[in-house]
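Two complexes, one shared chain (chain A), two partners (chain B, chain C).
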Partner chain A sequence: MADLMTIDELSVHYERRRMGGCGRKVRAVDGVSLSIRRGEILSVVGESGCGKTTMGKAILNITRATSGRIIYDGIDLAKISGAELRAMRRKFQMIYQDPYESLDPRQSIYDTLLEPLLIHRRDLSSVQKRDLVMSHLEAVGLRPAEMIAARYPHHLSGGQRQRVAIAAAIILEPDFIVADEPVSMLDVSVRSEILKLMLDLQKDKDLTYMFITHDLSLAWMISHRIAVFYLGRMVEIGGTEEVVHRSTHPYTNALVSVIPTVGKKMRGERHILAGETPSASEIPGGCRFHTRCWLYHDEGEPEICRNSEPELAEVADGHMAACHFKLIPSRDQQAVFDVAERLSKPAPTLNPLGL
Partner chain B sequence: MNARGERLAEIFSRIWADSFGRAGLVLLTLIIGISILGPIIFPFDPREVATSASKIFAPPTAQHWLGTDEMGRDIFRSTLAGARISLLVGITASAISIVIGAFVGLFSGYYHGLFSNLLMRVTDFFLALPVTPLIIVLASVFGQNLLITIMVIGMTSWPSTARIVRSLVLSIRARQFVERVRAIGASDARILCVHILPNVMPLIYANTVLVIAGSVLAEATLAFLGLGDPVRVSWGTMLHYAFVSGAAGRGVWWYLLPPGIGIVLLVLGFTLVGNTLDKILNPRLREF
Partner chain C sequence: MPLLDVRNLRVDFRTVAGIVHAVDGVSLSLEKGEIMGIAGESGCGKTTMALAVPGLLARNATVPGGQIIFDGEDLISKSEDEMRTIRWRRVSVIFQGSMNAMNPLKTVGSQIVEPILLHEPRTPRREAEARAEKLLDSVGISKKRFSNYPHEFSGGMRQRAMIAMSLACGPDLVLADEPVTALDVMIQAQILELIKVLCSELGLSLIMISHDLSVLAELCDTLVVMYAGRVVEHGRSADVFREPAHPYSARLMNAFPDIYGERVFTSGIPGYPPNLIAPPVGCGFYERCPERLAGCESTRQELSETSPGHWCSCLYPRRDKEGGGIING
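== the complex of A and B ==
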């Protein structure tokens, strides 16, 4: 699969001004490089506040990136003019978490769907535009389309609104959609319907999704690849099965161990994450995960974790993790360590080969 | 158009459902009705002055229902004529004020930049100024003329509108649907006209009605101080002449009460309707 979008060392820092003076820098996204392949569903997983939304918005140029490059289909988005960027926006769309906030309360559903066409499809006649609106309402399961079109957002349920938001996102036939926790605000009863709709559309329209979620088990169900984020950095990325069954980063491992169906099969103990996530304005030095890392603890709090930030390194084909101590992937997820990494350390506490 | 008509009817019925709103509607209907029909049925001719001393400051009689003034003119008829002028000034001055205020508020709330900051500084400057003395100074500099009065009131009363419109624009601008349409590729002009303005309109409507109340009062103040148009006599001008001619000292209550009560009821009517409208159209603002 070819890359649709390449993100290179993307950072988004906010200057958070405190009352009275000195601003603190919030490093919401902190040097992320990643490629999104055409036609895939890439899930971005991580706790609240780890910068998932910020990254999604920066990729779509909704939020300005502090540094880094975003290359979409060979075009560097920072290098094109404002007008060119606006014209390109039809190619990538966002679906928001809260369908109560993402629709204009004073715009009818018809006008909401018509708007993207008015901006980008001046070539169409008004009859053609109308037909497109109606057919997209039907495509997202809002029937009878005529009736729904005349309504306003406050007439609709959360699930229906999210369908409208989805229709508005796909009506321009984009290639790429960032879906920011599109079902987390919805009733449990409609979540699976919306997910199914999104997956069907992805197949029918050959879409590429970046699916943002804090729920690793949901990511596991729907995605081709998973990227795990912690405090603004990507700590692990790989194929879904790789990441879930052969998690290599202790953070991912802890997330996996609490998925009921996977966790049970793991022979080792479950790794419940201790403590609070540090704030994005006070990111710990060295490996930013060390304050909560069970492996760091098990390892006897090695200096390297406090002093140097681990880079992403390949652990298997297309599977990368950022930890000084690679967990050697094994089916049963026992903690086993890379021998080379441990040469300078005291006697290993675990069987180095894990077999 | 039909839907808009329905919505208007609904708003009226909701104002009517509120007891304060209903009182305001009754007052306004009455005064506006009087100001339109009154001078037609009972035309007022300021040149029709007294020919004998007994006709000066004459108390109410069957011929002069509200007595006569210092020149012997019919006070009932001049009160009817004054309603028109007071309303005219109030409404046109507010129109000017609202247009400026809404524009400044929209612009400075939506854009961040030098010009926008400058606009906000100007707004704050005007807000900090005591408006009544300012109006008095301006009116006395530019002269006594209805148009001048309207301009002076309109040009000085917009900052409060600008301020509340701006703060609403700031909050709407930060909402996700604005971000979503921007992400679709909507231009600033489109976002302002299609998404922000319609969401600000209810506030502007309610504010307009309240600003009229303020303008009526401002006009009355100016006219009372003798800065009104001597030819087109408003209720404020009537009060001015009543005091200048010593009507108060002589106990000529029939000269003071009609314009005085008229101003109070007119201001009250607009305030009641304005507050009710605000409550209906901007429910979230009620809590503050």
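== the complex of A and C ==
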């Protein structure tokens, strides 16, 4: 797969002003490089405050990046004019977390979907626009479209609203969608339906997704690759099975270890990290994870972790981690779980089975 | 004798649209020291059922039938004054949404002292404060934070403080309503671990309500699955997880990805729960059930034992069918 978007040393820093005091620098995203391949689902996983949403917004130019380059399909987005950028905008869209807040309560569903067309598709006649709105409502499973179109967000359930948000995101036929926790506000029973819709659309319309979530098991379910973020940095990236079942960064390892196992025996040791993620305005020196790192303790608190920040380094093909002491998956872990066999399986079922 | 024995409990809400039968004949019993999980989608009546125990239902709620027998006494027939002696001293609650459950204008410490002074008025203030400090310490919050305000706490710390508050008067039973929802995964794991340790140290009985089955799997001895105001399945956690007998439970469990299982995409549970103003005559899950058969629409099946200690209210429990257990899709 070719790269659709390349992010190079992207940083988003804020100055947080306090009353009467001088500003403190918040480093929300702090030097992230990654590329997203055409047609893939890349999940960005991390706890709140790790910079995953800020990065998503910076990529779409909703938040300004402080430094770094974003290259989309060979074009450096910082180098093109405002008008060109506006024209490009329709190529990337965002789906927000909360369908109760992302839709304008005073706009009917029809107007909500019409708005992007009024801005970007002036070439269409009003009949064509109307047809597009209706066909997209049907594409996201909102039928009868005429009836839904006349309604307002408060008439709809959470799941239906998220479908509207998805319709609004795809109506301009984008290539790339950043979905920020699109199902975390929804009831369990509705979640899979929305995910299935997103996966079906991805296949039909040849979309590329960046899927932002705090839920590693959800990411495991739907993505080709997973990137794990901690405090503004990417600490691990690789194929889904690699990252989940052969995690080499102690933070990823801890995240995997706290996933409840639903009555099954767990593999490996459980690492509940103590304390909370430090503030992005007071990022610890050296490896930013060392203050909470269990491996740092196991290794006898080595100086290198306090003094130097590890760079991402390859541990296996396409699998990278930023740690001075990368974990080697233990032998019994492999014995219970034949990773090699699993990795030989094809990428996730984009056309979900059993339906 | 069980510590809590709920028998055929019903709770109605009067609304503009009509009477909502939110809890419709729920029976369950909890032994001393037991941790019970109650699972279900939003609107299935799990919170209403739990809040009925300490008598904390909204004003428009009525209890047209049933008994809540706590330590041998029926709480339904008690007066408000009598309930006040039970609330917090015997039965306390960890409310949902630690963000909003605290008074922003009072220090965290004073909010933990408050129930002590209220429910045990003879306690000297200084002693109550010392107890509050100890409680905070037991949930991992330093004494120094005693006079902080809630906004100075993170979400996880506020939830810890809520737990300390629920333990302030040494209750026998704690009702925890979605105690880790909206918290970060690592904080969730910390809080669950804390609850587990406190329960075993203090010999607490706990009812934990959650829509997240994996959270319940981690913690609970027994599991109750509710749907449309009724219990559809009840049994030891391990049994219910391994072999869900009700089609609803099975699908609910399947809705969560299991990283140690097969990577297949499940369909979720299309459709919506029934309108509880006019509940269906037969099985409440009929409309959405992919396994429905003749008789399901008209017969309301009561809970029956499908294997020792495992109860299910399906006319055709999954065990009887070919290839029972979890079915994908």
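Everything below uses one rule, namely that the second predicted complex is superposed on the first by the 320 of 355 C-alpha atoms of A that agree within 3 Å, B and C clash if a C-alpha of one lies under 4 Å from a C-alpha of the other, contacts with A are read in each partner's own complex, and residues count from 1 in each chain.
By our rule, a residue touches a chain if its C-beta (ideal position, glycine included) is under 8 Å from a C-beta of that chain, and two chains touch if they have at least 3 such contacts.
Keep in mind it's a predicted model, so treat the numbers as computed, not measured.
Residue contacts after overlaying the shared chain place A:Met185 against neither chain B nor chain C.
By the document's definition of touching, of the two partners only chain C reaches A:Glu276; chain B does not. Of the two partner chains, chain B is the only one that A:Pro105 touches; chain C does not reach it. In the superposed model, more residues of chain A are touched by C than by the other of chain B and chain C. Using the contact criterion defined above for the overlaid structures, shared-chain residue A:Ala87 touches chain B, although it does not reach chain C. Within the superposed three-chain model, A:Leu124 lies out of touch with both chain B and chain C [touch as defined at top].
Judged by the touch definition given at the top, the superposed model places A:Ile304 against neither chain B nor chain C. Contacts of chain A with chain B, set against its contacts with chain C after fitting on chain A, share not one residue. Chain C makes touch with chain A in their complex at residues 41-42, 154, 156, 184-190, 193, 211-215, 217-218, 237-238, 241-242, 251-253, 255-260, 263-270, 272, 328-329.
Residues of chain A that touch chain C in their complex: 47-48, 157, 187-193, 195-196, 199, 214-218, 220-222, 244-245, 254-256, 258-264, 267, 272-274, 276-277, 337, 345, 348-349, 352-355. Contact residues of chain A toward chain B in the complex are 60, 62, 86-87, 89-90, 93-94, 96, 98, 101-107, 115-116, 119-120, 165, 168, 172. Of all the residues in chain B, the ones that touch chain A in their complex are 175-177, 179-187, 190, 194-195, 198-199.
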